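Each of the next two complexes has chain A plus one more chain, namely chain B in the first and chain C in the second.
After this line comes the complex of A and B, so read on.
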């Protein structure tokens, strides 16, 4: 009798488990179709010669050799690291600074938060086109109008190879920094204001409170956001595609843009495009691994 | 006026020091600069929309000569933007429905039902957060081609049903629900699906609202996959149109700026309606969408 009830319960559990998987099935099918399978498929495709949507012949690493042998690959690789460098230089500290500033305000805090978040809501494509008018080299370009009022003559911007990457990163920062600042504000809000009060009574100056209480409260979050920022800027693609077409003379061409060019730029070489995608993925995995290695090492010390 | 509490590093007690008061003034000045910086480009692009091509290319004034809505109406009807708006509306609506149903059910399974072996799937979903969507856009596009789903909204709708971030948002919320209520409904004989619709869903309005707002905005702004799926066809959305304008340079610069304005109107309305929830959600949960 006991044995039988046991097996009944096991059966009920099994059927419940089956029903649960059935509920998750539609979501799992979609995740497979849209995310997981394409990821594996891009690895497979990078090893094949492709013709339109057909995989014609297994050619080993030939796509990789061909892609990496071209001058535009080296250029795109260097550019992509330059994007990452500039993004960390311009875009990493700014949100922290904004969060600290907005956090100190009392009256008008809601307005500041709203204004900071607003650019993040705008379509990225529209933002790029909008800013292209600001950086136009004509005398009717917005920046030239504004600088003209200060007596500075008309300049060109997007045709200068040393300026184009910092400009694209500045535009991306304009869109994202305010919303990131609000995330930092969430971490900063976890500090009980009484802690600052107590430190103040003990004679800690405002700066000492910032360094010893405020900044430690966001240390962990800053690490996470740093790696997420690197991952996201490393795949920069449509910004240079729309703003400069990768120019002048490939000075703003990114790796992902190179992938897009191989696939959809006329030649429809999906095999080579996948090879570029795989290279980007490998670099990103490498950087994530290095990050988590140092992250774990550091937390061992805590 | 009601006195608001200070929550920052600077305390009331510090304000007796002159240098802190000056510093506080500088903080406010910088915040105002930020507001100007965030808002000015938007105001400018609306002003630019009032200019005709000649004025746009030659004028060195930020303000337009006249605030006549004529150019906006002309661009709207000439380019047939109304049809693109309708297409975007259909695309967004289906995307939001898919985002809520499929990610919600997957999140429910991973957070509450937890059938044997769910851990592997949960790890896969978490890992997918780190993998960018565009990196596998080539094979995804080929899959869509193979299934002959080109020139249709279906793949775009369904793609929103496979969003790792939304699944994680649902998981986090469902895990915070009172598990005793869910357990009680099970003891009372509800099937897992009944529990979802009668117990979990009614408690989950806040997270559904958050995911819906994110999905509306993302689906409206999306253009890479929509461009590949819809290009050349009759179903192009506003963003696909804008992308074609910008890459093929088929329209003049002034028309382009008016198209930018058209593409920004729905997100700005959405923001105006929900800005309090959005900014407070970002501040309290640390998710920016």
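After this line comes the complex of A and C, so read on.
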């Protein structure tokens, strides 16, 4: 009897397991064909000399050595880290501040929420074209017209090496901050209001409530969004491609744009393009691993 | 509330379904114009002149036609292409034509060719055929060209450009172009740079270009010269300037040495002098547009057409850009020869060709030759070809683009003379504003030169980066920048062609 019930339980487990796999199957198929296969193919391609997308000859790490030995790679790598730095400086705190401000709003909260999210609904290219008119260095540039009203002479913006990356990040933040703020607002709304009430009774100021209640409550979420932001900004491509085309003198060239140049910029060197893609993936995997390590360590301390 | 949500969800699903169905149809075939376009009698007459006799009822295939004008194109252009399509349907009733908005670029073509979705015919520039042929990305049309008799009329330079090592041909020339300079006469007038005959007093040398540009800047506040220095455009224009500073022959930007090795040379005194000239345009004469490093080819035409700049290095095949497309009146537009430099007077000669998808069948190749014949692009003369040419120029005139003498890509005197006679008939401009340009080409007072022979796009990219450095940093070390670019490009040549 015991034996029978044991085999029944095992059968039920097998059936459960089969169902689980069945549920996962569509996802696995999609992941295999659209994520893992291209990823592995890209790694394979990076080790070959290519003729358009055909693999011609195995050349080991030659593509990597060639790509990394060039000045534009170093420049693109430095630029990509600069994009990430500016994105953290401009784009990380702003959505939190925005979420806090909208969260504290008593009237017209829906209106502010919609207004903050609106830029995210605009097509990316349209946003870039819109801002290129704003930052145009001609007299007809919107910013120059505004500064002209204050008596400031015409300036150039997108042709200045030291300004292009902060400008591009500001535009990306303008577009994306509202969406991130909505996620923070959802997290902030889930904080138990009794904590605020208790703190208020104890005489805590607004600032103290933010520091001691609000920020700790969204810390985990902020950590996840931080790593997602780094991954996303590290792959920045269309913004500099449309706004500055990587210039001036490669000052806004990103790694992904460099990859595009190898593949489609006239030489059709897919092997070297794949090498750049693999390097980007390795860097991102490294960063994610570091984040996970510290995150896990912190969880252990908790 | 629930009902409202359900209704919204249903509406959304319906919208998605309708959009989904619509997208597929739209991608395959451009929609028919909803209203009959208003055409001039002249153009309508030319469209009606096509023969409607059946030429080959047995030829059965489907061809996809790249470069079909978008729905937003001028009515005359749309009518012209619909006319071609209708004529083809009458003459070859079993050939199905599928219009495709596809416009060629190397980046979008490769995946399409490898994926089997490239249009049957498309139009790359003269810089790309050898790359496409060497990578087996285009179809062989030698037999179809021979069958229709066009092969004998190829000039040897085009055979070299469009053939593989075995002499098989993969395309045919569409038009040639010569680089010169577009002029916005209104700004020249404002700056007082006009002759007694009321023509623009234009620069004949690069030095005059700098000086006149400075006068224009001072008198009008607008840029004397729009210089597209983004991506590869800056390097492309720089090569022509460098030739005029003496970067030819033993001082060429790239050449093959005695051992057959490709070598680049960006550090000759001539190349450095040419780059110093670019520096002076920005920092000494201040005649360049403010955002040169982000300006591309289209942006440069836009700047000239909208009066933001007075001069633009551009060719005779793009005269419709600032005029018909950007609204510059024809009487305010001129085309002049490329200004001479201290060491020479060269002008870049290039062009556009027709090439074909790699999986093209013999039937498709035959049908495409018939289509090109209707377009008037094959070097023969019969009623249909003449009708095709006439309709083409009538459509140009109709939409306000300058109808100018063509720089023919074919070696057939009768064909070229007939074409020029038709052009003259439809000419809609004061030819005094163009004569010097065309005379310089026909009389040989300017030397025509093809683009740098190998990996031109890569070379342009390297030089564009130097130009960007030079025009954004006043104290940039030109020799150092040119040396770095030379080393980088030489490494590329060694990797790609010398190894």
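Throughout what follows, the second predicted complex is superposed on the first by the 271 of 302 C-alpha atoms of A that agree within 3 Å, B and C clash if a C-alpha of one lies under 4 Å from a C-alpha of the other, contacts with A are read in each partner's own complex, and residues count from 1 in each chain.
Convention: a residue touches a chain if its C-beta (ideal position, glycine included) is under 8 Å from a C-beta of that chain, and two chains touch if they have at least 3 such contacts.
Since the structure is predicted, the reported quantities are computational estimates derived from the model, not experimental observations.
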Fit or clash - chain C, chain B, common chain A: clash
Chain B versus chain C as contact partner of A:53, first or second or both or neither: both
Chain A residues touched by each partner, larger count belonging to chain B or chain C: B
Partner chain(s) touched by A:140 [first = chain B, second = chain C, both, neither]: both
First, second, both or neither for A:290, with chain B first and chain C second: neither
Contacts of A:28 with chain B and chain C, given as first, second, both or neither: first
Partner chain in contact with A:249 - chain B first, chain C second, else both or neither: second
Partner chain(s) touched by A:259 [first = chain B, second = chain C, both, neither]: first
Which of chain B and chain C A:71 touches, first, second, both or neither: second
Partner chain(s) touched by A:209 [first = chain B, second = chain C, both, neither]: first
Identified clashing stretch of chain C versus chain B [114-122, 276-284 or 366-374]: 114-122
Shared chain A contacts, counted only where both chain B and chain C touch the same residue: 53, 138-140, 263-264
Residue numbers on chain A that touch chain B, as the complex places them: 16-21, 23-24, 26-28, 30-31, 33-39, 41-42, 45, 53, 98, 100-126, 128-131, 133-134, 138-140, 142, 144-145, 148, 174, 176, 178-180, 182-183, 185-187, 189, 193, 196-197, 200-201, 206, 209-210, 213-214, 221, 231-232, 235, 237-238, 241-242, 256, 259, 263-264, 270, 273-274, 277, 280-281, 284, 288
Residues of chain C defined as touching chain A within the complex: 106-108, 110-111, 113-114, 131, 135, 137, 221, 229-232, 289-294, 296, 308, 455, 457-458, 461, 464-466, 468-469, 471-473, 484, 488, 491-492, 495-496
Residue ranges of chain B in contact with chain A within the complex: 4-11, 13-14, 20, 23-24, 27-28, 30-31, 34-35, 37-39, 41-42, 44-45, 48, 56-62, 98, 101-103, 105-106, 108-110, 113-116, 118, 121, 124-125, 128, 130-143, 145-146, 158-159, 161-162, 164, 167, 191-193, 196, 217, 220-221, 223-224, 228, 239, 242-243, 246-247, 253, 256-257, 260, 263-264, 267-268, 270-271, 275-276, 278-279, 282-289
Chain A to chain C touching residues, read off their complex: 51-53, 66, 69-72, 132, 136-141, 154, 156, 158-161, 243-250, 260-261, 263-268
